[in-house]
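Two complexes come next, and they have one chain in common, chain A, joined by chain B in the first and chain C in the second.
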Partner chain A sequence: MSIADTAVPTHRPRWLALDKLGVMIALIAIAGAALPFALFRANRIVPGETRSLLDALPTFQSTLLIIFLLVGFVAALLRVPVRAKLAVGFVVLAALFILVGQSATYLTPPDNTFARVSPGAGFWLLVFAFALLVTDALTRLRFAPLVRIGILIVVAAAFALLLWSGSWNDLSMLKEYATRAPAFWAEARTHLALAFGSVAIAVVIGVPIGVLCYKVRPLRAAVLNTLNIVQTIPSIALFGLLIAPLAWVAANVPGASAIGISGIGAAPALVALFAYSLLPVVSNTVVGLQSVSPAAVDAAKGMGMTGWQRLAGVELPLAFPVILTGIRIVLVQNIGLATIAALIGGGGFGVFVFQGIGQTAMDLVLLGAVPTVALAFAAAVVLDALVEMTSRGGRRV
Partner chain B sequence: MIEIDDITKAYEGTVVVDHVSLTIEPRSICVIVGTSGSGKTTLMRMINKLVEPTSGHIRIDGQDIAEIPAYELRRRIGYAIQGHGLFPHRTVGQNVATVPKLLGWDKKKTADRVDELLSLFQLDPAEFRNRLPHELSGGQQQRVGVARALAAGPNILLMDEPYGALDPVIRAKAQEDLLSIQRKFGTTVVLVTHDMEEAIHLGDKIAVMDKGKLLQFAKPEEIIAHPATPFVAELIGTSERPFRLLSLAKVADHIEAGEVGGEPIEASASLRDAYAELLWSGRPALPVRRDGSIVGQVTLARLSQLAARPQ
Partner chain C sequence: MKIGNLIRLVIFGLLLVFLIQPELFAGFFGLFTKNNQPAIYNQGSLLDITLNHLGIVAAATLASTIIAVGLAIVVTRPFGAEFLPLSRSLANIGQTFPPVAVLALAVPMLGFGTAPTLVALFLYGLLPIFENTLTGLTNLPPAVTDAAKGVGMSGWQRLIKVELPLALPVILAGVRLSVVISLATATIGSTVAARTLGEVIIAGLLSSNTAFVLQGGLIVGVLAVLIYDALSALERFLMKRTGQLGRA
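This part shows the complex of A and B:
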């Protein structure tokens, strides 16, 4: 608190002041409330008609939502305790997600299977505003890593419950899902295999390369520069560039096509994702090893540890949080990047994105995009928590 | 016994250690003192092969260390460094157990040894065994560093500026600990420092180095009384010489008969402390106390004679 704050005695309670970020959240929320809440279309590809907050829901529900929004608005705007902001933020988000499903049921004419109801711009802005309130509150509260993972699990479970209860079944995205459920889960498996598989290969190959670069100094610049160049190739180009060499390998190396290598499909996608992962993994391994206290390394040497014992017992454990940070970067990056694999027949959620763009069916695009974003977000939260847990105490000496 | 025989180390033409020979007696403390860049640390690091000499030989108890694999040699030699070099991800107990584990001691023997050493350094094993280094104070970390160096009971202990990061009070305590532990185990200690005061206080013999050359290797009294070169004299500090000389002896060795009044001084104090007390209190003599009873006196006149340059 500065001198100016204390010099003028004020009798206003602390919470009656404006919260700076809160003002922005409130403005976004006002815009969100004014814009259409839902979008109604006679079938999946015609342009829609907008429905405002008041028209999109029965009177009782819309009044309820408006009350919730007002409470949220006040909680965001004023300097109320952070925990209160967090609680209100979660409640408003829950109300929004539950009521958007009810809105779809309310707006869909009975027995009409062609009509589509999707969330409107207003809904998305409201969600954005209160998600901002929640993330800001979470950042300020500095919860322990395990608590953060716990919150993530609770939120995921809440969404699972919403989906399972069928209250969203009238939303357009879920209607797209209903007609292609088996394909959705197959592509989900492919997507996960591509993202996690490529990161796993990058770790298995990248960490040893990083160790080698650390031990053999002249190698460092050459390897890191080469990987830097790979990183600058546009992703679509890299996917395309790999078609020819892999097709050649599939045709000419005995057994290659038997294990799934071909010019198009999952193999080039996996290779491209792996190539993008290599630089962050290798460079973080090098940086992590370099940041190990020289005194600890000297002591390890002076006490008679062999090179391997030093690496396994001292250097790698101390570098681990930094290496894990690199893995976090590539995992989140590859979950997003794997959507492009669909372009070369590699599968994954990108299949729905590109089909949706082709049919100008935005709901189908969302069916591919929303799970991708959710997965990347969850991976980021979990790995951030792991990085924090492994770096506790260890690096402060 | 450590015999350093005409050892030279050069890095790309720059000579860091220049034809140094010296013999360190078993169960003694040898302090290598010099300014930074004098080659003192390099000389010490050649004893456990952290640095390979360009030419010359080092023998430990008659055996040339060139014949011993580096990691095997190092496990037999204690090594403690400035900033302690503790492993931040391992507990105090695991840190101390490093060399016993490398040597393949069984769990029971290792655990007993860890507790024994922690107790020796006034760290309650039950309280400190499972703590991480960053939870300890600087002085405690330094003690764990030395305990770790002594874990496998080495005959030789190398110490590189072990007290550099400590404040004066804790440093004095750590130095006393080292002296008593060295007496207890009979370890041969080679200690590198830039602090002549520390060298005189700890060293049975002092090796003064400058620009890679060994200028003088002698007992502290000899170095103070007869510095071999102007540089050695400068390191001692001309105005400090009489006091450094007094700091080498204890009151106990210079007690005279007679009785005086006033606040007594302990027989275990150094002559330097006694001299300072005489001057400060303005008395010509102090009563000397040993085990709680007065056993004689120490006089200003006697101390003034002792502080004069030995002939």
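This part shows the complex of A and C:
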């Protein structure tokens, strides 16, 4: 009996076994398939009526989607090769994203410009389930940094194609976009300028401060503690507190208002984001310089390098991956925080989020939130890859 | 150290006096007002708002601590090992979601008020605690875990008596990070009508009354610094007790 028990697994193919994570993904997917796939509203504000997977699409498409989901279900449950799971996960996600657009077209009555169709809870759960499958597969496969950036570019291109082809035009979020396309792109530019501009200034100023703190020990605790306290000030308060001083500067410093400094708007937002970025940049510069091996510094000294040559030629390059990790943290953080700038008239995607909250129009909130999350996610993937590429010898930071 | 504690005590005392008798400070905050604006927030008691703010943060942090530590324990056991790589990636991805977006998207499901704020704070609080618990549980000195196995402890006994106590300071460091982030993020909850100190700040922004913005921001900042320092002290005490001081 015990011999038979132990013998069974060797006869059974390896893939014919349940994957624990797959069971969880399958359960989420079942819940997703049972919940409404789309939400139909007669106009923008009224509560929606739900449409199940079968009602939300023409028979052919809904059958197709169910077949795709079943394949994805099986691929998640069984221990098939990870690459197969990844491929199936991507295919199911693509099917979901293409068909949700078709569902909107199908559900919107012809010539009705008031009706709104948005993805339902079921759609989001299905996306979540298969995104888990893809994330797990990607984590296990440990692709090289350049491959990861490549996958990101392909996914971004696929979404761009979907948007450009117009197949999503009947979705509620895109209808919100259609009525404010110029504003959307203006706010997008502001958002990018705020997030990237503040990080750029923080790097230009923060890295020298970090070097100084590294060289002058007594400064270190004082500077880091001060920056730590800045981090504890809530973002909306810091944005607000900068209004008065900047208004004063604009009024009293000649030329300040000419270059766009004023009490409300983008200037206080930029300064606040910069203030939040300083701590991670400075402290990572200090930590990075501390982690440079003394042997490397000694060798540089032995070669007769001066202090400046050592710093520029040896210490900073060796500390670079750690400094880059600090930049990654602040860039992702500032892309998210820049949404708050809208509260003080600083613009950015937060404008749509707060307008949406005010009008309880969730599609408008999504119009601001989705690009923000996508940007932050893309920035995280790209910078993680860069950090890995710059840390030599596969050292993980 | 002594002087530091004295300064903390004085700041805590000032904060208490300000919360109970804010009018005593009207002269100071009056410096920041224009056109006879009120110097002290006048649409509710600052003490009540502060206690509510702390209550929301405490409830959210307690929930995230229980769930995050539980999850970290599951994924570090042989049973849950399959979930470890995914949970790490998810924690990373979760950090890319801006708090405002999470708050706004929780509103249709939970309505306006405290509930969406609690959910957002809970989700944000999970990440640092989860990461730190993982670090704590996976970086234990092998000699200690081997010794625990050697004396015949079962998996549960090792977890409760050896692994968790040793990882406690690192877990607490995660809780500390999470509390400080939550204290500041809770202010954003006022954009969806949660009763937090953000209410004071937003009232100031709307009426361009710097005094309101300043007092809201100061209370949150002071609370964050005091709680941060108190938890740091607790960590040092625990590390001393488990003989780990200087190891981490």
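The criterion applied here is as follows: the second predicted complex is superposed on the first by the 383 of 397 C-alpha atoms of A that agree within 3 Å, B and C clash if a C-alpha of one lies under 4 Å from a C-alpha of the other, contacts with A are read in each partner's own complex, and residues count from 1 in each chain.
Note that a contact is a pair of C-beta atoms (placed from the backbone, for glycine too) under 8 Å apart; a residue touches a chain by one contact, two chains touch by 3 or more.
Just so we're clear, the structure is a prediction, and the values are computed from it rather than from any experiment.
Visitor: In the overlaid three-chain picture, which partner chain does A:Ala221 touch, first (chain B) or second (chain C), both, or neither?
Guide: Neither chain B nor chain C is touched by A:Ala221.
Visitor: Just to be sure I read the superposition right, which of the two partners does A:Val365 touch: chain B = first, chain C = second, or both, or neither?
Guide: Touch status of A:Val365: second partner only.
Visitor: In the superposed arrangement, does A:Ala295 touch chain B (first), chain C (second), both or neither?
Guide: In the superposed model, A:Ala295 contacts chain B only, not chain C.
Visitor: With the two complexes superposed on chain A, say which partner A:Ala156 touches: chain B (first), chain C (second), both, or neither.
Guide: A:Ala156 contacts neither chain B nor chain C.
Visitor: Specify the partner with more touching residues on chain A, choosing between chain B and chain C.
Guide: C
Visitor: Touch test for A:Ala144: chain B only (first), chain C only (second), both, or neither?
Guide: After superposition on chain A, A:Ala144 lies in contact with neither partner.
Visitor: Using the touch rule from the top, collect the residues of chain A that touch chain B in their complex.
Guide: It comes out as residues 293, 295-296, 298-306, 309, 313-314, 317-318, 393-397.
Visitor: Tell me, which parts of chain B touch chain A in their complex?
Guide: Contacts found on chain B: 48, 50, 70-76, 79, 81-89, 98-99, 102, 132-135, 145, 148-149, 158.
Visitor: Taking the complex as given, what residues does chain C use to touch chain A?
Guide: 32, 80, 82-83, 85-86, 88-90, 92-93, 95-101, 104-105, 107-108, 180, 183-185, 187-188, 191-192, 197-198, 201-202, 204-205, 208, 210, 213-214, 216-217, 220-221, 224-225, 228
Visitor: Residues of chain A touching chain C in their complex?
Guide: Interface residues on the chain A side: 19-21, 132, 135-136, 138-140, 229, 231-241, 243-244, 332, 335-337, 339-340, 343-344, 350, 353-354, 356-357, 360, 362, 365-366, 368-369, 372-373, 376-377, 379-380.
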